[in-house]
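I've put the structures underneath this note.
Same chain, two partners: chain A is paired with chain B first, then with chain C.
Presenting the complex of A and B:
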């Protein structure tokens, strides 16, 4: 689990009486989250369902999720980190500067009220989205929230969970963790895994122009990434595997059409709480699966002489 | 033949990965979904099994999968530091192979998590 204090969505459903969504809009982006896992679900220890739970929404603007919440806290953009650290201070009864709290767009009373609710919850859960993790502070915001939640366990049971966007992005974390030891942004160019977000994360690699080829698997960076990153993808040999012709396919040297995951390709996908679920394809695709194509590329490369320094070490020097 | 109706299918559109979706297919397309949200319904109905695109493209020209696999392997082998990116919309089995390939070619492997 990467060290975070977390649980499954089944536990949230059956136990949570305080549900906080921070920097996300589940009503639009995860429409069934409320009914299947959190707010409206009737749980073993929350038999009243919605009436037995309190929902707090923290965001920089009013979204359609606001009408589902009991309390909406509107943070000034870019002030999430300050809010989390203030909550941590209040949790430990440390003095805080009221004027500086006001800069976050919230009042001390609002934050004290939230801390009291957190401490008095039977089982609290904090879901955090890209509004927290991708804005000013980035991974420092995530670290602050995870620390806050860990510290709350001195008072009550409290867990956190990131709201994952893509269908199997959690699976990518899990698979990379058990194969390389790190969840993402792993550099294997020295023959062993190195992890350094900001250096080996895709946008940074592309914008600096560090890589001299790219294999894009079921993603469309050509439509979503900053222009310098897209320019670099067009400059180098880019290979795309995707069920559709994407923006990235158009700038790639090689595109291979593959079967759609879960609809015509079987396999496993991880839910956001790291529960693996089997995929049940209903259609038979005329295209090969991603798994098959990657395996075939692997086999083609495998028969070529190895690049690894270890292989060259065996060559006697003059 | 794959089934034409399916109970408890798994939707991989978002991180909720709802596994209670009812599906009904007619030939190459899914015509009905049950218990899916708006996003899930669009996901299932917009991905058909029709042959809408060429099997593969090399430099924008239609090619066979064999040729494309060969070209991809050559590019990745010749690169000093290739980047393997994406992984968020493919199965865990494919992700595992992708990590193995990244190790073999000595590259960086990364997913949408880093965005």
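Presenting the complex of A and C:
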């Protein structure tokens, strides 16, 4: 494990001559990525723009991003970990079984060609998406890619970056990190942060039915989470803060319409390279901001007496 | 007509992302998340027609989708794979545990796909092409007009920006 060797998107724009997208479809999901930061952008050390860069796409299907790539490697579903491990072996001149490589849907020549390009790049970057992190292998796939990139730095400058989703998901991780020390799956019920994915992470808590209330802020689990988690949200008092009615609003007890951050409310959003960007509203909204609603709820909650088992025991049973 | 096992791949599309910002109570969003993209040879093999309805079943649940041949804006899928944009129907099919990672398996799970014979639509109790949990399109207040009606005790303020 080598941690995450990374940089800002500005560095990618100004330096990267080899760009690898793995399990991501930027043409569809990050439509400005090519023009602002990677393929088509002219950088200080890549003045030719697109002509000065090579793009490799690794995916299980022919997404719309294929037509932007110079090399497309179509991996068999569920074989990403094997491909990354083979690349690491080739990088260290270890023997590789050609028949086992063929099971990944790729040939040894294709992978050797990719390794040669990676080693000979001036500045390489590997962007990885949910096609890598949310398939079988999950965090092990991510760890394998991060290790591959760390090991490439024995030969040249190479960095990696996850292709984060829409909205401010990076901001949620970053703020959790600098406030609690952990990026997600944090339990504060004992008054100090405890981190345990699989136990304290949202989906696990909801599927097990551990919580008896939910506050949903800027998310729509009703359209993205497993059905048992959605069913539990419908059973308990769920409060949604969102500028629009969502699937989760439909199953919530209360939906509070808020102003849209970046359009009618100020705020800060973190770019996928974890650079904070201040957002200025350009319109006025009749609705309160998320921050204002949360602050008002907090002020009301603060004046209530703290809950304790002893106090609860004094409530007579019906 | 027959059923066959496939690898289901889910993901986002540009149109879907745009629609998330516009609002999900919209027929276009509904159509996007209830359409399954398939390889034409696979469609032929199971006897499904483009525009027809198929029932997709995983170990966790089932949902109906409209079937569409690959090659459009969504790209192509290899034989043995189907693609669907994330949405309420895929919630029924996806993994329910996270294997200790906090993230369920939401891509690359096995499903069985078979054409739905009934001209009346999907089997009762399935969520998909016909039944929307959101109800009517934008501009209406879901709590009042939804065919499902709100859960008891729901308080809904009018959605959307006033500006």
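The rule is simple: the second predicted complex is superposed on the first by the 303 of 318 C-alpha atoms of A that agree within 3 Å, B and C clash if a C-alpha of one lies under 4 Å from a C-alpha of the other, contacts with A are read in each partner's own complex, and residues count from 1 in each chain.
To be clear about the criterion, a residue touches a chain if its C-beta (ideal position, glycine included) is under 8 Å from a C-beta of that chain, and two chains touch if they have at least 3 such contacts.
The shown structure was predicted, so the numbers you read here are calculated from the model rather than taken from an experiment.
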First, second, both or neither for A:153, with chain B first and chain C second: neither
First (chain B), second (chain C), both or neither touched by A:287: both
Contacts of A:244 with chain B and chain C, given as first, second, both or neither: both
Which of chain B and chain C A:33 touches, first, second, both or neither: first
Chain B versus chain C as contact partner of A:227, first or second or both or neither: second
Chain B versus chain C as contact partner of A:179, first or second or both or neither: first
Partner contacting more residues of chain A (chain B vs chain C): B
Touched partner set for A:107, first chain B, second chain C, both or neither: neither
Contacts of A:264 with chain B and chain C, given as first, second, both or neither: both
Which of chain B and chain C A:218 touches, first, second, both or neither: first
Overlapping contact positions on chain A, where the chain C interface meets the chain B interface: 29, 31, 134, 165-166, 184-185, 197, 201-203, 243-245, 249-250, 252-257, 259-260, 263-264, 283-287
Residues of chain A defined as touching chain C within the complex: 25, 27-29, 31, 60-64, 66, 74, 77-78, 130-131, 133-136, 138-139, 165-166, 184-185, 197-198, 201-204, 207, 220, 222-230, 234, 242-247, 249-257, 259-260, 263-264, 283-287
Touch list for chain B against partner chain A, complex: 1-4, 6, 8-19, 23, 25, 28-30, 37-40, 44, 47-60, 65, 68-73, 75-115
Contact footprint of chain B on chain A as seen in their complex: 29-33, 36-37, 134, 163-176, 179-180, 183-191, 197, 200-203, 205-206, 210-219, 221, 236-237, 239, 241, 243-245, 249-250, 252-257, 259-272, 275-291, 293-298, 300-302, 304, 307-308
Interfacial residue positions of chain C with respect to chain A in the complex: 7, 9, 11-14, 17, 20, 23-25, 33, 60-61, 73-78, 81, 83, 86-88, 91-92, 94-108, 133-135, 141-142, 146, 148, 150-151, 153-163
